[in-house]
Amino acid sequence: MALLEVEDLDVRFYTEEGVVQAVDGLSYTLDRGERLGVVGESGAGKTVTALALLDLLDRPGRIEGGSIRFDGEEVLDAPAERLRRLRGGEIGMVFQDPETALNPVYTVGEQVAEAVRVHTDREGAAAHDRAVALLDRVGIPDPATRATQYPHEFSGGMAQRVVVAMALAGDPDLLIADEPTTGLDVTIEAQLLDLLDDLAADDLAVQLVSHDLGVVAGFCDRVLVMYAGQAVERAPVDDLFYHPKHPYTAGLLSAIPRIGDDRDRLATIPGTTPDLASPPPGCRFHPRCPYAEDACTKRDPPLAGVDEVQPTGASVAGDIADDAGDHRAACLAYVDDADFDGALEFAVEVAADATEDDEEADP
Amino acid sequence: MSLRRYVLRRTLLTLPILFGVSVLTFGLVKLLPGTPVDYVLQFQDATPELRASLRAQYHLDEPIWRQYLLWLNDVLHLDFGDRVVSDRSVRAAIVDRLPETLVLGGFAFLIALLVGVPTGVVAAVRRGTLLDEGSRVVALAGIATPNFWLGLLLILVFGVHLNLVPVIPPVAPVFAPESLAFLVLPAVTLGTASAALFTRLTRSAVTEQLRQEYVRTARAKGLDERTVIVKHVLRNSLVSVVTVAAVQVAFLLDGAVVIERVFSWPGLGRLLVRAILQRDFPVVQAVVLLVAVAVVVANLLADVLYAWLDPRIAY
Amino acid sequence: MSRNPLDGRGRLRVRGFGSHEADDDASAGTATVDADATPSPTTDRWRRAWARFRRDRAAVAGLAVIAVMTLLAVFARPIEVGGVVVQPVALAPYDPSASGIAPAYRPPSLAHPFGTDWAGRDVFSRVLYGGRYSLSIGVIAVGLALLVGVPLGAVAGYAGGWVDETVMRLVDVLYAFPFLVLAIALVAVFGQGFWKLVGALVAVGWISYARLIRGEVLSVSERDYVLAARALGASDGRILRRHVVPNAIAPVIVQATLNVGTVVLSAAALGFLGLGLEPGTAEWGSMLSAGRDTLVGGEWWVTVFPGLAIFLFVLSINLVGDGVRDALDPDADTDRYRTREAR
């Protein structure tokens, strides 16, 4: 049984402009000690998913369906008491902008100690000592003194470490990091990732949400690619980057600028992300996909395995069971009985190595 | 810099303003047609000797800057001269009325704070509900209602028709129970507009805070909602509340002038209006000066409170 | 941990994506072109603001009430300019100052919908006519205060240096006096009457606009289009008029709208205290001052109707002011305009 099982998650936002389907039928699992990367453009639903896990969605957003199971127990209808113990306890969260994630009027030590008091039996001085120890663990120099300081006295990188320390206070089994390095300098980013790496070594599962493929490539074991609220590809990290199966993933990879590129313009995926209040019919990526066919406008492809031909679109429940090592993509090219005739003719070329690998993706 | 030094520095910065206030107050009386002597002599016979002695008393033959300095010197010793209409000192008249106004103002301020702030918090937390919309309508009405009209209406309903409260103030010291009972209606009247302002501003401050990321962090830490609101959100909203409170001091002083007239409450406001109608200018000058100083002091206190509340302000 | 697949620049290259289409990304990539040509930005801004305002039903209702009250005030009694009757309509059935036309203290009836007052005057006519004072004082006082405050504040903010210091010190000193108290003191010194009242209200009211526009000017002056104008040789005055002020004026408009209500309340308060217009004038505040003496006798109509008129007007102007603020500055902190700047 996996540590975290998300099945058919459905999140909607009820706005003045209509109902926005932020997450649609998302399923994935996460095992103990595993590191999952969730990538996609802004608006793909990555952050919403992360927030939904702890039921932290703000008002116009509501979880309308699906199941989230942590350690076998359903989260979505858990009593408030259980939910509060999960939050910051078994599941810790690290947010994007550390400067604003911390309360400006309380000392850093107090904010970490507060988390300690909620999730352990410690009180008063014992909680404070534990807070200082946590600050030390996340690599903050002179932690005892810094614990008496206020968030505005910390740099971005240091403040993010404090947020990590708060997330660790309850000795979590799962750490969800939502764009933790966005907005930080590259060197600081590397340091923070090193810290996460260090922490994850102690059997801590990490779900890293990012739009930065480089960060995900260096840190994660498996990757989930999201587009317009849906999962479009799911694979172990090497498989994803060397053998991408979904056109969107290929597009993302091709968009990474590289030195020595002789094109005049940076490559982009043509078009824009769809309006989630009225998404395109069929496959949501089809307006921007160079390989789209007529069938793509009619049928929304399920997350299908790419290594073998499936008799029919595999049922969603079946996807959950065997995730590790499993490579799936939501494209009709991999669904046997779909009316898809063409071939996805993109490939990854590995240059600057002694051996050059050239493969073609073939349905 | 320690808090004490910060306070000292802010206090020193108010001195130019206090200087300006004193100049303006002094100058206002100087702009009057005629001289103070003429006003005093409205009530007495004008013999040349009396006139000359009065002129000397008011330093009217000195250059204007010297008159100012002499006046300032007197003021700093809390000597505001004698009233025009009688022989009593202005200071005595003020001291006589000051507690009445302070109690009325303090009572009103308390009502405004204790009603307005919690309402604003609840309205922000329960945004969009009937409670929120209702409180906004009521607050708007509170701001738009002329306080003297409200006072008159309240007297009409509770005093005349229902006969619940006396219509004239009791002849008793200000802290006597019958005085305080009488003060309920005036304090409510005076405090209504302030309560409305507190409600609106607290609501917007709390709404603003609820949008901040640290609230999400607090919830993600597993804190219960009550702790999130009271310990985290409210603490950050306090600066806004202090801002409103500081402004209310001036606002309440304005209101007191009118309300004291409505309820015939013998405070400074009533003294001021009577003095104007009687051309008793030393009184007008002294009261205006006092009021302005009070506002400056209130704002200074607010500044110090900000520094204490918000660790980002360095001291 | 395995080697990061994206290690080393240019190591991974995707071939084939996008080549399925005839053209290169160049033409396809520029996606949705803005179909709507943008008209002149300034006029467009005001038009959009007006559209936003129209959607606020409360604000529109407030505007309607004010319009009705204005019409009632204008058409209450005939207006003569230099002997020529410019406005002949008399909605008010009786002359507001005519006393003794009916017995004193009559409760509301068909003949006198608002009853009669202590001097036997028709309260309805007086309330209708009294609108002239309140509305005109409100608009004139705020208008003149704007004429004084905006240029002063704009120049202070733009010029900086000792000009700025002087103006701001003066503003600070004036701010120390509560609005009404200072107005009372000015009336005490300069006397009563319509224009003296307006003058007092202007003298007290200009400061909030000066401070507001100074702040806005300070932030706007740093912007690139101002630097560009200066580089092109435009004079300071021209820059102020054509670039800085139009962009900085929005909060001032909001403040001014809300202040009309404040001014009307203050003028009424002064009237109530007997420090406003000539005694006996059909001004709403003054009418309430007489009402105070009659309360015990139970003649409620003398108090209720004039006060209701003030309330209705100030409520409407507040709704309009809130609407204007939402239209011009939708992201603004809701009550920024009601705190220190409220005068």
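When the chains are written out, they are named A, B and C in that same order, and each has its own residue count from 1.
Just so we're on the same page, a residue touches a chain if its C-beta (ideal position, glycine included) is under 8 Å from a C-beta of that chain, and two chains touch if they have at least 3 such contacts.
All values derive from a computational prediction rather than experimental measurement.
Asks: Quick one: do these chains touch in a line, a ring, a star, all-to-all (complete), or other?
Replies: Graph shape, chains as nodes and touching pairs as edges: complete.
Asks: Could you tell me which pair, A-C or A-B, is linked by more C-beta pairs in contact?
Replies: Answer by contact count: A-C.
Asks: Find the geometric centre of each of chain B and chain C from their Cα atoms only, then give the gap between the two centres in Å, rounded to an integer.
Replies: 24
Asks: Could you please state the distance in Å, as a whole number, between where the Cα atoms of chain A are centred and where those of chain B are centred?
Replies: Whole-Å distance between the two chain centres: 56.
Asks: Between chain A and chain C, tell me the centre distance in angstrom, where each centre is the average of that chain's C-alpha atoms.
Replies: Centre-to-centre distance between chain A and chain C: 50 Å.
Asks: What residues of chain C sit close enough to touch chain A in their complex?
Replies: 1-2, 4-21, 25-26, 28-29, 31-32
Asks: Under the stated contact criterion, what part of chain A meets chain C in this complex?
Replies: Interface residues on the chain A side: 197, 213-214, 217-218, 237-238, 241-242, 244, 247, 250-251, 253-254, 256, 258-261, 264-265, 267-268, 270-272, 290-291, 345-353.
Asks: Quick one: which bits of chain B touch chain C in the complex? Just the residue numbers, please.
Replies: Residue list for chain B touching chain C: 16-17, 20-21, 24, 28-29, 31-32, 140-141, 143-149, 152-153, 155-156, 159-161, 167, 197, 200-201, 203-204, 207-208, 243-244, 247, 250-251, 253-254, 257-258, 261-262, 272-273, 276-277, 281, 284, 288, 291-293, 295-296, 299.
Asks: Give every residue of chain C touching chain B within the complex, in rising order.
Replies: Going by the criterion above, the answer is residues 169-170, 172-182, 184-190, 261, 265, 268-269, 272-275, 285, 288, 291-292, 295-296, 298, 300, 303-304, 307, 310-311, 314-315, 318-319, 333-335, 338-340, 342.
Asks: Can you name the residues of chain B that touch chain A in the complex?
Replies: It comes out as residues 212-214, 216-224, 232, 235-236, 309-312.
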